[in-house]
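Common to both upcoming complexes is subunit A, partnered first by subunit B, then by subunit C.
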Partner chain A sequence: MEVKPNETKQISPFFVFFLMPGMQIGVGILGFERIIAKESGQDAWISVLISGLIINVLLWMCFKLLGRGPQTLDLVAIHKDLFGKWVGNAFNILFILYFIMISIILIRTYLEVIQVWMFPGVNVLMLITIILILVYRFVEGGFRVITGFCIIGLMIGSPLFLLNYFPLKYAHFENLGPFLDHSFLEIMKACKKMTLNYLGFELILIYYPFIKNREKSQKWAHLGALFTMVIYVVSILVSLAYYHQDQLKDVIWATLTLWKIVDLPFIERFEYIGISVWLFMVLPNVCLGVWAASRTAKRVFGYRQKKMLVLILIIILVSCIFLDNRYRIDKFNTISSQIGFYIVYLYLPLLFIWQSIVYKFRGHKS
Partner chain B sequence: MRFFKGKREMDSASFQVTSKDFQELLKKFKTSDDFLTFQFPNDDGYIISYFNSLVSVQQLHEQVLAVMSNQPKKVLKQLKGDIPMEDMKLTADLKDIQRLVLEGSIMIQYKQDDEMCLLIPCVHSVKRQISTPESEYTVVGSKEAFVESLDSNLNLIRNRLPTPELQSKEFRVGSISQTRIAVLYIDGVVNQQIIKTVIQRIEDIEYDTIVDISFVSQMITDNRNSMFPQLIDTERPDHLASVLSEGKIGIMLDGSPHALVGPNTIISFFSSFEDYFQIWNLGTSFRLIRLFAVLFSVLSSPLYVAVLTYHYQVIPTDLLPILISSRGVIPFPPILEAIVLEGTIELLREAAVRLPAKVGSTIGIVGGIVIGSAAVEAGFVSNVLLMLVALAALASFTVPIYQISNTIRLIRFPFLIAAQLYGLFGIALCSAFILSHLLKLTSLGSPYLDPLYPLRIHDFKDSLIRLPFSKQKKRPQFLRTENPLRIRKEAEKRNTRNDIDE
Partner chain C sequence: MKIKLLLITLASFLMTACGVEKQILEDILIAEVVGYDDAGDKKIKGTVVVSVPQPGEEADLGKEVYEADSHDIKAARQQENAKTPYPIVGGRLTVTLYGEELASKGLNDYVDTYRRDPMVGRDLYLAVVHGKAEDVVKMEPKLIKTPGVQVKELIEQNIRTNLPDVDLHRYLYACHGKGIDPVLPLLETTGDQIRVRGIALFKTDRYIGKYIPYEDGFLYKVLSENFKLGSYEIKWKENDFTDINNVESRVHYHISNANQDPKVRIEVKMKASLLEVQGYDLGKAVDLNKIEARAEQVIGKKLNEMVTMFQENHIDPLALGDHAKSKTRNFDQKHWEEAYPDIPIEVDLDIEMIQTGIAE
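For the complex of A and B:
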């Protein structure tokens, strides 16, 4: 099974710019401030900045991983190349589970927002079913359709970033000082907490074969990741300037709460609109995650991707039934943040080093 | 006037012959009472037969019978030389005979039961005069519209595009109707792949009678179940001529006063041809107003239902008393109120379309004023919603293409139901469902959502906005034309910018 998508199924390298933030910005941004600020206080934005830069380094590694070998165009091929069929497939299955996990977090957390802010008594099972049907419709269209959804979702969702203007009217920029008041360890701890929000860039390992003129895509990928970073840094700066530190500790959904103060002559309580429109930011993430999982599953097990897709959606549905209260969701979030952290910060660099060693060895041989 | 004579021969293969031999065919013809057979000039003369409903009697008298009557009987080959008519055919081929006689040719045999016939085209066709466009009327611009005759329509197009590159490929569709259908395009501009697709799909059409181009439209579109039309049908020859030079293709059917145009993007359904008759900034503004009107028309009543059912907090305090006083006495939930009113509007529209024009306007007045105000006074619906629904109906009339306005009419009902189920979030869900459909949709193989996706910055120059003609140097990218340049010569650049008072 080699990866050779038809040219009509491929996307131009420019679109990678949208795929990066499309996958990285999801529900996390609605409430990441509290968790980061808990660790590094007013210096939280530095952590966001640093981890954003680290992500770019990791992204560079991903491109190196993909570009070195002649046939290693995606993760499955890399694993097979480095570890052989059986061990490689074991790693692949881990990654499938990881992608499914990301999708579950995204859907469940977004639904929690809806439960808390809009419909406290909503039938979660029914809503999840509807959303999963929607996901099926997008993923069934293939990678091009998902990319289109990312781009259009970003177009529809990004005006919401302009809402940051409203809290700025009440901002106290002195909240940001004193500068660098926290230890290096504290800042790095916050960086670790920030990982979950930046996750998603590693999907490049799956969709790389779907890019036309792949070499040109790296520039756009880095720009996209930097764009995500800018969005996060601006968000946290606004939150830090608006809230007092002690207050921020108690605000679970900081960005969402900021939408409440949007004041327009014809609309009050803007967050109702904001949360609804945010669907167009969250759903592309879920679709990409599910697509990546089903694509990898297809490459590993050799079944039709549609069958795999249905199976994965059922897994997500069942898992969401078990995640039925705040406590469990939070715990699941923490665990998956940990897993994500180790996969991205530990596994990827190790894989990178291992590949370097193997290739050097092979180079000597030939 | 007839163009493309040669092409007629080619498609004779697709013509089905149901008779076994010549005699059987003749017998079939003769059973019909409008088929005439007689001998001329005397009892020993040629046998002339034709459908008198199809043949121009005047031409027959002047060009054919006049020549025959003064001469002794000759063989058909010689006779062919004497008659001053074009495109005659001497043949014994059953297919040709059946086709040409049914198209309005006169059949001349030397003697009874002779299978060799001379076929003289002598068509008498009933044509409507070219009139003004009705569904795409514009204040300025040409006042010609297509008519039912394919030849007249081709004439209108060829007069506008006098270039040998303008090609027409003719086919016949319908096993009974054998309707002529023509695919028009400009060679060297249009992408050959699109033509191949269209021709393939036309050849695949299997149906007995094709009476209108909308039949063809439904049979050759990419997604045959989509509510969103993928091919525009136009009645304006200037519209067709201009999109042909853009690199699109046109399809015309004999007997239908419309032409199909494709491939299209969703934006092209909201752009009126009149936008090009105005200066670009006005044209752009009206186009944007129209797009806004469409969004308003689809979303206004669902938003009303969503906000009043779930999110009354969104309404500012100053606005709340007005809504309360208008809705306070209404016994129904907002969704019922909205469905009743939207249903009424749909009823009125349908009634107004079916009725003759003069009665139709009365329906509008009765419906709009009498029923509406009565419903509000009786306390069935709130006047705020009445206003919204009426505005939405008005907004939906700004859409220049008839087919998509039907889509807009219907699409608000799923939105209403979604709004009732999950409020604003439901509206977002419903939009996402529609987006998932639109993203997959293609028009003759081109993506439907261009230039939004695939994001093509160049194509924005004539989509949501319309830039001046000097900026339209390139043809739209989504058409993948063979010659992307519209303006060949670079406009002379002014090197020195004029300063004040120079």
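For the complex of A and C:
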């Protein structure tokens, strides 16, 4: 059951820091504010903070799941170990579908942004094909290449967070008061809605064997997840101060609309540059998602990863064609958010508990 | 492998363009200032100034005014296109003007397109025109060579002293937010010039027909935001005036008991300088105190009148409702709105003279 990729394919534990936000920060950040603020108003940032901390607890669970067996495992191995071949594989296939779904959301939502903000007449099929060809090249290069791309993407994308400075001139920080004026239930509801934006950390279950000195990686993973949380909290704080709560309810892409206020002498509409640069944040996401799906598929079905990769890309292409208007995309987003929520908040803890029970009976020593 | 890579690259090149509509600067007309008026029969009349690029080096930008009648703004744009050689685009729009009559019917339907359209920036200025918006729009290109600059700079210049800082984002903020009512600059034409008449007062999106005169715009600014600059003239006696220069003014709202029996105290602290005075010796401390006391009395009275006027008209341009909400747990919006006209609002003004110029 031991999973041992060649050492030339492994990465240093430090890079897990980049892989975490690399997968977690995607298209969600462009417009998550409206959905969260609808539930818990000015206390939305508390929800973002809480769910960020819960994610860290779940991340700790993932590391426990992976590390307490006698050998190095990944999700596929854990499933086989705990449920046997057939049931285990059924779960694995569910996870493959889940990773594909995440990739579809990322690509389709990003293209929707391009359609609405920049080019309404753009040929979606062509654009998706170009993106998928890029994804193919990166994923074909292997996990190391994708890691590198995550780092580059984060570096190119991170200057965009400085844009939060511009709305401060318009900020009404008293909008954040009164503190904790929403019930516990409302804040928790907002936490649930926030899940979709934090998804991606569970990929550690797939790429764990690819990390050298694995024990050291946990620290970096937690730091990475905290980094994501900080970025989300800052974004929502700025948005809450910039928009009136009643106004925020109608703004679909709050972060993007906020970039409109950026006023530089040499450029009138900064959000066009922002959207273009954002591709460097979205593409690593898609690559990681597709890589995880193809890797799991390879481990389950035993075919070559490249074949699986092509198949998965075709599935993504076809699904993107069917998601052709705002209503369907929104619905798809909501459904996947639900699925993601149950996988992360329900399935992972259950798996964790089940593993504890099984190991106790078997008498493993951790 | 290499051939495969080459094929992929080639294919990518073939797929560029992706069916995107091209917009070349010489082949479009850039809308600079737009005005909308009520044309009766549920129709509006749109008037637009566009810049027309002229060939040749150092050529002035030409400008042209087009008009059209229609039911909504996008259709008006379409109608205007019937007369223009190139399509009109709105990406560089700087000012949108609304006629008095249209504004008093509610602006929501006519601002919505600017809120929705990603082409439009958020630093677009909105303004109401006393009379017809058309007049200002038609006057505009006559005044200055580059189109679109005149009205925009007029508003921008006055935002420093007498107009509240209102652009599209701030208008939407006040219009959509509960407990705030927006204000917009009110323009008019006098002879062959465009002039700021004052600040138009709104109830949600409806112009209520009342406005704060230009001179008192300074007082509104004092009440609503922290700012530097601006001046106000105080009358002592007949033919005896003093001009007070604002160096720095700060405002704080103290709202208590908002859910039961609300009380509001607006605290204004102004640091001012005097540059013109008649009949007083500024070297003596007594006289300076006298001027301070007198200025506090005169301006304080004006501020109180202004606040009372807001209450009488059931409008809240100072966002008191919003401030109350952010300071009160379980804020009762309905109760506040009912109580608002009768809330005791106290304006607490403190003027400190910090300079008297370079002459004794």
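Some points to look at:
As a working rule, the second predicted complex is superposed on the first by the 360 of 366 C-alpha atoms of A that agree within 3 Å, B and C clash if a C-alpha of one lies under 4 Å from a C-alpha of the other, contacts with A are read in each partner's own complex, and residues count from 1 in each chain.
Simple rule for what comes next: a contact is a pair of C-beta atoms (placed from the backbone, for glycine too) under 8 Å apart; a residue touches a chain by one contact, two chains touch by 3 or more.
Small disclaimer: the values here were computed from a predicted structure and weren't measured.
Contacts of A:175 after superposition: subunit C is touched, whereas subunit B is not reached. Of the two partner chains placed around the shared chain by superposition, subunit C is the only one that A:250 touches, whereas subunit B remains out of contact. Residue contacts after overlaying the shared chain place A:116 against subunit C, while subunit B stays out of touching range.
Using the contact criterion defined above for the overlaid structures, shared-chain residue A:260 touches subunit C, although it does not reach subunit B.
Of the two partner chains placed around the shared chain by superposition, neither subunit B nor subunit C is touched by A:282.
In the superposed pair of complexes, A:127 makes contact with subunit B and with subunit C alike. When the two complexes are overlaid on their common chain A, residue A:268 makes contact with subunit B and with subunit C alike. Shared-chain residue A:137: touches subunit B and subunit C both. On subunit A, the patch touched by subunit B and the patch touched by subunit C overlap at residues 118-119, 122, 127, 130, 137, 268-269.
Residues of subunit A that touch subunit B in their complex: 11-12, 14-15, 18, 114, 118-119, 122, 127, 130-131, 134, 137-138, 141, 145, 147-149, 151-152, 155, 265-270, 272-273, 275-277, 279-280, 283.
Interface residues of subunit A, counted against subunit C in their complex, comprise 42, 116-123, 126-127, 129-130, 133, 137, 170, 174-178, 181, 243-247, 250, 257, 260-261, 263, 268-269, 271. Only residues 8, 11-12, 15, 18-21, 91-92, 115, 118, 121-123, 169-170, 172-174, 176-178, 180, 322-323, 326-331 of subunit C touch subunit A when the two sit together in their complex. In the complex of the two chains, the subunit B residues touching subunit A come out as 310-311, 313-317, 319, 422-425, 427-429, 432-433, 435-437, 439-440, 449, 452-455.
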